[in-house]
Each structure stands twice: as C-alpha cells, then as structure tokens.
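Handing you this structure, nothing more for now.
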Amino acid sequence: MLDHILSILIFFPALAAVFGFMIQKESMRTYGVAVALIEFVLSLVLWYAFDNNVSGMQFVENIPLIPAFGINYSLGIDGISLFIIILSAFFTFLGIVSLTDTPKVKYMIITLLFLQMTMAGVFAALDAIVFYTFWELSLVPMLYIIGAWGGPLRIYASIKFFLYTFAGSLVMLVGMLFMAYFYHQAAGVWSFSILDWYRLVLPENFQLWLFVAFFIGFAIKVPMFPFHTWLPYAHGQAPTIGSVILAAILLKMGTYAFVRFSLPLFPDAAAYFMIPIAILAVIMIIYTSMVAYAQKDIKQVVAYSSIAHMGVIILGTFALNVEGVSGSIFLMLGHGVVAGGLFMLVGVIYDRRHTKLMSEFGGLAHVMPRYATIFGIMMMASVGLPLTINFVGEFLSLLGFYQQSHILTLLAGTGIIVGAIYMLAAYKKAFFGEVTNEANKNLPDINKKELFGIIPLVIVAIWLGVYPKPVLGPINNSVTSIIKLMHAKATTELAKERIPDLTKPRVFLMKKTINKEVN
Amino acid sequence: MFEAVAFYLFAFLTITMFIITVTTSQALYALTALAAGMIFISAFFFILGADFLGAIQIIVYTGAVMALYAFGMMFFDTTRSVKEKQGNKFIITGLSTLAAVLVVLIVGAPMVSNNIVALYPTIDGMGNVQNVGLILFTKYLVPFELAAVMLLVAMVAGIVLAGKKMDRSITLTNDAELEIEKNKKVLS
Amino acid sequence: MEIGLNHYLVLSTILFAIGLVGVMRRKNLLLLFFATEILLNAVNIAFAAISHYYGDMTGQMFAFFIIAVAASEVAVGLGLLIVWYKRHGSIDLDVLTTMKG
Amino acid sequence: MEKYLYIALFAPLVSSLFSLLFTATPKKLFTGIVASLLIITSLISSSILLTHILETGEPIHVTMMTWMQTGGLYIPFGFLVDQVSVTMMMVVTLVSSVVHVYAIGYMDHDKGFNRFFAWLSAFVFSMMILVMSDNYAGLFIGWEGVGLCSWGLIGFWFHKESATWAANEAFIMNRIADLGMLIGLFLIYWNTGTLQYDGAFAAFHQLPTATLTWIGIFLFIGAMGKSAQFPLHTWLADAMEGPTPVSALIHAATMVTAGVYLVIRSHELYSLIPHVGLFIASLGTFVALFAASMALVNRDMKRVIAYSTLSQLGYMFAAAGLGAYWVALFHLMAHAGFKALLFLGAGNVMHAMKDELDPFKMGGLKKVMKWTWIMMVIGSLALAGVIPFAGFFSKDTILEAAYSGNHMVIYGVLLFTAGLTAFYSFRLVALIFHGEERYKLFGVHPHEAYRFMLVAMSPLLLVAIVVGILQTPFFDMVEEVLNGHEYHIEHTLALIMLVGTQLFVGLAILYAYVKYANSKIKVPDGTSKIENSFAYKLLINQYYIPYAYEEYIVKPYRELSEFFWQKIDVKVVDATVDGIASIIYNTGEKTRDMQSGNLSTMLRWMVVGLIILLSLAVIFGFTVKYSGV
C-alpha cells in the first residue's frame, strides 16, 4: 500500500466524492467527516512512513501516460511537500467538521473532497503536466465554492478569481512547454519530469525568459503585489470554509511552486531577479499591511494580512540560502494554520451576527471571553510572537534574507511593526471597550463544534512554535539538497556569489557590511 | 498586332459586361451581361492558345451554368428591380481594389523575380488538347475523378434540393395560405 | 505593341475588383452568385495567361478544375436558393439574419 | 541544581496555566493563592541557586532541547544561571512574589481576578526566560513575551478606551525597538555563526569595529524600546493605565530594566565599542534629566513615579554606557526594590482614595494611612539617594563612575537630576500625606489597606533599607563576570562630594516640604501664574512629544493607509486589472455587431480579413526577401 499511498491520497477523496452523490442528505456530514478523517489519517501514515534522513523524493510512482512526449503520471514527495499535503488534509478535515449550517451541505462536502484531490495532486506531482492539470483543476471547486455559497458579489469575485489566476497559469504553461522543448533540444528526448529538468543547465538568457513566464503564473497565485487584488474579493465573498482553504492551502501553491520550479530550474535567473522580487515583496509587506489597517471589515483585515505574510514567504524563498528557504516553507505551514484559524474565527462571529464590519462590534471580550482568548492567541501568532508557529518561519525567512541585503530586510522587518498595528487595532475595535451595540449583548460564546475546529489549530500553532524540529528537520534536508543543486547549476558569477556553497565549510563574516550598502 | 487589338477589344467588352452585371438593378440584364462576359472571356483563352479551356468555358459556363441560372430565375420573382441600399461606395471599391492589387502582387512576385520553374511543361508539337489530356489523365487523374464525382454529387443535390414540392409555386399562393403553413410548421 | 503577361494580370485584377464590388454591394443572393462567377473567371484568366507565358500546363489544369467547382457550386447553390425562397419568400440578404450574434 | 533551575523557571508557567483555566469563571480566591505560592516557590528556588552561586561561583548551564535548527543555525532552549542572571532572577521573583500577594488584596473586587493572575504569572515566566536564556534568541522570546504580557496587563481593564489605547501603544512602540533587536540578532548570526552568548562573545573579538558598532547600535535600539528611552519613552507614562501592581512589577521593577539587562549581558560587546557606550551614557543622562523635569509638575501620582522610573533607567544606562556594568546592575536591583515599594504604596493610596490619582486632591493622609506613609517616605528617601538607604549607595557609585571617567557633563547633569529627584519625590509625599485634608472636599473616606498587603510589602521595605550595605559582597560576586572594578576617588574629595550631594538632596527635600506641605495648597484650577507659564505648559504636556507623535506620525499613517486603500489599491491597482478585463469585454461587445447575421456585412468583413491576411503575406515575403535569408 505504501507504494501507492500518494495515488490513494489523491484519488481516494475524489472517489469518495463521486460516491457522495449517492449518499442521503442527512447522513452526508457524517460521511464527509469520515472520509476526511481517513484522508487525514492516511496523510499521517505518510508522515510516519517518511524517512527523515532522505533528502530526495520518496514514495515515487511512475506510470507513462504519453510516452512519445515524455508525459508521465509521476508522483513523489520530499520534506517540502510532505507537510503541505498533511496540512491540506488537516484543513479539509477541520473544514468539514466545523462546517456550519450551510445550505446544500451535501454538495459543499463533495466540492471540498474534490478540492482536496487537486490540492494533494499539486503538491505530490513530479511531472509538469500532471502538476499543471491539478493546478488548474483546483480552480474549479474553489470557483464553485465562491460562486455558489458566497456573498452578494460572489459572481464577480469568483469570475475574477478564476480568470485572473487562469490567465497567469496559461503563461506558466507556455513556459513549461518551452522548458520541455529546451530539454528536448539538450537531451534528445521529450520529458516533462521535474526531476529530469533539474539536471538541465540552461544558458542565462533562456533562464531569464522562462523564469519570467513561470513567475507570472506563480505570482498571481501567491498573490504578489501588484497582482493581489483578486484576493480581497475572493476572501470577502467566499464562505468561511472557502476562505480557510484558500488562505491555508491554495495560496501556498504559488510559493511552493517557486521552491519546486523557479529556484532549482533557474538558479541564475533567481539570483538575477532576487533584488527586484525582494523589493516587490517588501512593498507587499508594508503596503498591504497599511491597507489592512484601513479596512473596516475584519475579514478583509485578515485577507490583507495574508498578502503581507506571503510577502515574507517570498522574501525567504529568494534568500537563496538554507535558512531563508526553510523558513519560508515553514512559514507557509505557519501562515496556513494561523490564517486558516483566523478565518474560521471570523466565521464564528459572522454566523452569529451576519456582518463582518468591525464598527458593528466592540466589547466582544465581555460577552464572549473564550472566543476573545482564542482570537487573541491566533492574532498573536499572526503577529509573529515567539513560541508561535509564525515566528519560527518569519524569523528564519528574514534571517536568511539578511545575508543578501541589509536594507531590504530592515524594510521588510517593519512588517512586524505594521503587522502589529493593524492586528491590534482590529482586535481593539472588535473586542475591547464597552458593548455598545444592543445586538451584541447576548451573543453566545464559542460553542463545542466551533471549538473542535479551532482548538487543534491553536495547539498546532503553539506546538510547532515551541518545538518545530519534527517539521523543520525534513524541510531542512530537502532544502539543503536544493541549494546544493542550485549552487552546482549556477553559471553566472552573481549566482555563484548569492547562492551559498554548502560543500565548503561555512565561513561566517559577511562579505559586505552595512556601511558599504549605505554608501 | 492582331493579338493586341483582340486583347483590348475583348478586355473592354468583358469589363463592360461585368460592370453591368454588378451594377444593374434588373436581374435579367445582369444574367445576360454575365453570359456575354463569359463568352468574351473564352476569347482570351483562345488568344492564349488554351483552346480546350476556351471550349470548356463556352460549353460549361454559357451553356450549362447560364442555363441553370436562367431556369433558376424562373422560380424567383425577377420582374421587380433589385433593391440596392448600400453604405459607402468608396469603402467597397477601395477594399476591392486593394484586395485585387494585393493578389496581383502575390501572384506576380515570383514571376518578377523569375524563380518559377515549369512543373509540367507543355510539349512542343502537340496540340493543346493533347497536352491537356496528357497531364489531366496522368498527374491529375485522381483530382479529375474527384471532380467528376463532385459534379455528380452536385447534380443530385441540385435536383433533390430544388425538386422538393415542385408542384407548388410560392409566387402563386397567397399570403393567407402561407401564414397557415407557417403556423403548421411551428406547431409540429 | 506586344501583349505581355502583365496585361493579362492587370485585366484579371480589374475583373477581380469588379467581382469583389459585386460581392459586397449585392443584396440579392442570386446576383451575389453572379459576382462570385466573375471572381472565378478573373482568376481563370490569370491562370491561363501564366500557363501560356511560362509554358506550364498547371495553370490550365487549375482553371479547368475551377470551372468544375464553379459548375457544382452553381448547381448546389441554386438548389439551396430555391429551397430558401420557398421557405421565406425572399432571397434578400437583409432578411437572412438568423445568425445574428 | 538543574532541578532548582527548572523549578524556578517553570513554576510561574504552571501558575499561569493554572489561572488560565479559570479565566472565564468568576473570581476564585484560590487562583491568587496558588499563583502566589508557585511564584514564591520560584523565589525559593532562585535563592537556592543564589546560594549555590555564592558558594561555588560556578555558573549552571543547561540545554533543555533544540528549538530551531536549519542550515547553519542552531538555537536551543538553553539556560544559564550565572552571577548576573541570578541577580536578575532574585529581583524578578522577589518583586513578583510581593506583587502577587499584594494583588490578592488589590484586585479583590475585580471581576477579572483570575485572568489577572494568569497574565501576571505569564509575565514572570517570560521575564525568567529573558534573564535565564543562554542565547540571544531565547532572550528575544522572553523579550517579546514580556511585551505581550505587558500588553495584556496594561489593557487589563479593556472596557476603558484609554487603557486599550495605551496597551496598543506600548506593544507597538516595543515592536519598533524589537525590530532593531532582531536586526542586531541577524547581524550577530551572520557574523559569528551563532546566537549563543559564549560563542558570540568569543567571536566578537575578531570582528571589525564597524560591524560591532552596528551590532551594538541595533541591540541598543531594542533596549531603548523596552526601557522606554527617548524617543520611545511615551508608552511608559501611558502604561500607568494598568492596575497598580502591574505598574510596580512590570513598569518599574522588571520589564523596563530588561534593556539595561541586555546591555549588561552584552558587556563584552559594549566594552569593545566604547564610543557606542558613550552614546548610551549620554542618552541615559539626557533621559534622566528629561524625565525628571516632566515629573516635577505632573499631577498624576502614578505618572510621577513612572517618570522617576524613566529617570532612574537613564541613570542605569549612564552607568552601563560608561562601562560600570556592575553599578548599573546594582542600581537596577536597588531601584527594583524601592520603586516597587513606591508603586505599591501609591496603590494603597489609590485604593483608599477610590482610584483618585491627583495628589492635589489628597493631603493629610498621614493620619489614616500611617504605615503606607512610612513606606512611601522610606521609598522616597531611597529614591532620592539619602544616606543610608539603598539609592544612596547605588546612585552615588554611578556619580563616582562618571566622575572618575572624567565625564564632567554627565556627572553634573546626573548630580542636578539627583536634586530634582529628591524634589519631586517629596513633593508627592508632601502633597499626599501632609497639609490640609483636601480630600474631604470630594467626599472620600480613606482607609488603610489590608494588613496582609502591608506585610507583603515589607520585603521591599527591607530591600530599600538594607540593600546598600550589600554593595561590597555584590561587587565581589559579579566582578568575575562583569570585569568590574571599584571606583576610588581621593578620600577628601570623595567626602566633599558626598557631603555636597547629601546637602543638595536634603535642601531639595526641604524645599519640597516647605512648598507643598503647608496648608495653603489648593486644588489647582488652571488660573495660577505658574500654571500659565511656558515652562509649566511645556512640562505638563510632556514637551508636546505625545502630541507630535499623534499629529505627525499616527495621523499621517492613518491617512496614508486610507489613501493606499481607497486610492491606490482600489482606484489604481484593481482598476487596472478591471480595466484590462473591461477592455477585453468591451471589445467583445463591440465586435458582436459584426456578427449581425447579415451576409452582406459579413462578406465585407471577410474582404477586410482577406486584405489583412494578404498584407501579412506580402510583408512577410518582403521581410524574407530583404532580411538576407
């Protein structure tokens, strides 16, 4: 079974979803929870069977699909993708468990299960075409979730979400085809296998163009400034579960793809574009944090904070050293847990009041103390307090990038200030003060079902903040091998300089001092 | 000299005829002018030494096609003048001229640069019909047969299409009957 | 005054232009058919002329096939026209707008 | 010994978690008692560790587990108990034990009783991590942790707008400084390859001075925020919105001294870069004077004490900056004792006066609150630096250090500030406890605090009185770690200085009594001449700095945020995206007309298309022909 566990992970939920059509409406929730639980347990089995000491791909499956063009159904995971897969199964489970009284709950569960298939597929795929297929397929359930269960502007939001990301991925597809063509030129055979592509050293000017093509696809998905505007609409209109999955997993596809494709395939281009991308990331962090501060809707605050956090992830990824890349991957998980949790929490209050405007609230800490406490913990995790999951990721990402640029890191670091500003301001508006609105006087505190959804996230957020080692270890192994590969493949001086050589003993002493950079 | 005179004469006649064809508001005039133009064109073929083609032109166009049109027109109300309300004439003429010039340019370019090689050269000492036959039944045998089948199919199609309900004429039925018929169709 | 290939090509161009004008300004389907015949014949002249001046039979062959196609087209086209007329009582193009997007 | 280390560290955590269980329930007395007992356990363990250190001089160093490990980075949860940290542990656990017990009485009627203890113990835990950690990352955990708890405790009465505002202000100001500290950490890591104290200190010697200077500056920025140094000082005064025990523990004794602790801990770094040290000392001196001047006129009892804290922190930084690390630590210790005492005394007064804070509305409380009066007087004497109380020894040594280092400006300013300190401390005492019983105008019936609260305060009283005598043993203990040396000034000169200083201080106290203890003092109504003078207005408005921050930083930030959202994000970025989409959409709308279904029109379009294609063919042909291929 372990040989095919990835296929099982991918197609079990899909199969279950198909069977779900035959299940009666009343028993659908139980069915959904059971399926999601099995899926989650399977993902844990995957973790259990995962060999932490291997840095390469594990559980590899390979079935030729179109041999003439080297397209294979090829799966495999390493330390980078393992945890995101577990996270996606985890969130699907929690999402279904904490599903509130949604209309047509049966179809919602079926959609979620399909979504889980695509998410597992994206992160397990080792073939560009398979990757692309799942990447695009993942849009469909999300489109459906936003469009069918969303707010008043749902059609606009879902179409925007779909077309925007779809347009980006088409550019990416062109890039993939070119990549395969270049591989064909170099090796004489067609291959879409990512691992094959890893071995290909491209000339720098090709790398630059291909990098840009992939970048557009990924950047829209992340979303990076200035391609981010679909996200607030999508979050604003999506139902709670949609926002949770979108923030926790779907956004990670973009950053994951950066690590999986952009870095190892185009090390020279990555080094070349490092500073411009970092500048974008810094803009993303500061600008969206400020925009978040101006928001009136608490869900939009969380949505914009997601963008800001994604900026830190991008920064860590393009640090091009082990510390930064590991940190960014860890932050992907951290942000998934925290932002997912925050969206769930916003959903709790939305279910009670059917509004998300902060001006409608105030003094909630009096009437809902438990809710306020949990929200406070998640908020502090989001702000990146030490001993919470986000801190580890943010710290490592910034630490990693500091090697590359002092000033940009300093600017990005202001994110921890502005991040605190909008979060605390939002918390103050919603939770502190006297209860002024009559409608809030008798709100029930968070109930058991909601607690069941949110408490595991709180536990994970703190557990991985205190003891990140079980996750950070495998990530570190895989990232180390990627950085080694990148350094070996780098052809330009710039790339050789920016990507550390891990085979040599480490020399600490930074090459450029702050004074130099200031001058 | 004779050739030049003949060319210009027939050129003038053809152009005139065709202009009449496309401008007149009387369908019958147009038909007549077209038939005349077709015959004049065959003159060019004879001048160019393509005797067989000239013969075909007269037989097929003036004999068959024009007859078809003539019969076809019997079904229509050709007595009224055709209404012509068109927009900008300059656009139409301009577009036409431009397209024509471009076609000439494309067709003419290889010839100007003289990089054209005869694929199936004419064999000296043979008549045109012989030449045509030689090539048509060797190199172009399959297209020729296909053309034959196509003609057959076209013939059958023409008969089937036009032959439906030959017994009744729309021009002779009145509007009330047509209305009833239309409703019937909608109901069914 | 020798008559060269260019003369024929110019003639062909003029005829083609006339044909296009017809195609574009005719509203009556039957007369539209006439215009297409002019177009085909214009091309035929060009083919025959090229064939003549280059001593290559291919041009004539093409003209030959074009005539065949034209004949079939007229047969089928007229048949359709008649059916259409029977159904709608008109062959005016302005009435033929069922394909409006 | 490791056992005691862990007990000392984790007892507060257990206490916090225990109280946390009951946060959502009504007041339960036992949470306070259990929490206090656990903190006292921690105090006892710390004392055992102290005796161990005193006996053997061997630091205890344990590594509990790995925290982060990736690439070349290795950060463990490691704890180090040496002479410096054990001092801090004693200060922290002692003051927090006192405050815990005191708070049982003080928070008696508060409905957030259990929550209060959860936060307070969590604070102690964070503070213990801060002082016990053996690396900078661990220090940073505690650093942020105390910031969090400070946020929770300042905003403890979250129904008050001012309290939550102050809480957020404190947190955000601290975050600004934390960024500096974080950058300092990054610099240390990338230059030395480790964040462990021992490894980093060893590597510092090989680094160029420029790098060390940057590290020193960034770490000090961190210290500035936590210790509320100028220009990040405004949060401390506003933090007085929190319950008084919190002010005593966090904003007087422990958290605000974390910055000083950081500088002392990094003394190996700062002794390599004396120019940064001088800057620190100058800033400290400036803050000492600056804060003291604001305390002179303030009409809020707690704020006066807060400014005096600020001023004393300035003293500590002055000492640390001049390289007298052990003196700074000693003053920190002494200050923790008497300042917490003052705050708790103020808490008693507040309780008695039904949360009245204006000392002008009190007066003559001596009669009803004898014990509090005694404690406040002793605390003030210690603060003023009157012989033989704690403040005298520590402050005098700072002055000596400044004098012997030939920093006459610093010396002079610090001396002058000592006078100011004496004045405002006793202005407060005089206004509260002496003179007319003005409170009667407001219909309050003051009463002495609970007996056990007074008993709980007594250890602090002891510290304030006797800690001065311990100066020499303390020096003996820490000199090994801090490479300190005693300051010897020529005997007669020292005597002259001593007498001069004492006279100056004494006169200041006398003046304060003469001016404020008489019966002519009325509740100021804003009409008197002095209240309309420029200097008074400047001082009472805190040099207009909070106003300037609000006007020139907070407001522009808010407006810029609005601008970014409303104008840039919605009107530019999103509008561009929608614009592209609508261009495509409108093109479709427009070209729909082409599909009129009219064959004639379509034919015309066909011709247009034909022309385009033909043109392309021609152009392509020409390019092929003339590009030489």
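Each chain carries a letter (A, B, C and D) given by its place in the written order, and its residues are counted from 1.
The criterion applied here is as follows: a contact is a pair of C-beta atoms (placed from the backbone, for glycine too) under 8 Å apart; a residue touches a chain by one contact, two chains touch by 3 or more.
What you are looking at is a predicted structure, and each value in this text was computed from that prediction instead of being measured.
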| item | value |
| --- | --- |
| Interface with more contacting C-beta pairs, comparing B-C to B-D | B-C |
| Most central chain, Cα average position | A |
| For subunit B paired with subunit C, centre-to-centre distance based on mean C-alpha positions, whole Å | 5 |
| Approximate Å spacing (C-alpha centroids) for the pair subunit B, subunit D | 98 |
| Subunit A and subunit D, separation of their C-alpha mean positions in angstrom | 36 |
| Rounded Å distance, subunit A centre to subunit C centre (Cα mean) | 63 |
| Touching two or more other chains - residue numbers and ranges from subunit A | none |
| Sites on subunit C at which at least two other chains make contact | 20, 24-27 |
| Contacts with two or more other chains, residues of subunit B listed in rising order | 92, 95-96, 99, 103 |
| Chain-to-chain touches, reported pairwise for every pair that qualifies | A-D, B-C, B-D, C-D |
| Subunit C-facing residues of subunit B, complex | 1, 3-4, 7, 11, 14-15, 18-19, 21-22, 27, 30-31, 34, 37-38, 41, 44-45, 48-50, 52-53, 56-57, 60-61, 64-65, 68-69, 72-73, 75-76, 82-86, 89, 92-93, 95-97, 99-101, 103-104, 107-108, 111, 116, 118-122, 131-132, 135-136, 140, 143, 147, 150-151, 153-155, 157-162, 164-165, 170, 178 |
| Sites on subunit A touched by subunit D in the complex | 160, 163-164, 225-226, 228-230, 287, 290-291, 293-295, 321-323, 326-327, 363, 365-366, 369-370, 373, 380, 385-387, 391-392, 395-396, 398-400, 402-403, 406, 409-410, 413-414, 416-417, 420-421, 424-425, 428, 431-434, 445, 466-469, 472-473, 475-476, 479-480, 506, 508-510, 513-515 |
| Complex contacts: residues of subunit D adjacent to subunit A | 23-24, 65-73, 137, 140-141, 144-145, 148, 151, 155, 158-159, 161, 164-165, 168, 171-172, 175-176, 178-179, 182-183, 185-187, 189-193, 203, 207-208, 210-211, 214, 557-558, 560-562, 564-566, 568-569, 573-574, 576-577, 581 |
| Complex contacts: residues of subunit C adjacent to subunit B | 1-3, 5-22, 24-28, 30-31, 33-35, 37-38, 41, 44-46, 48-52, 54-58, 60-61, 63-65, 67-76, 78-83, 85-86, 89, 91-92 |
| Touch list for subunit C against partner subunit D, complex | 20, 23-27, 29, 32, 93-94, 96-101 |
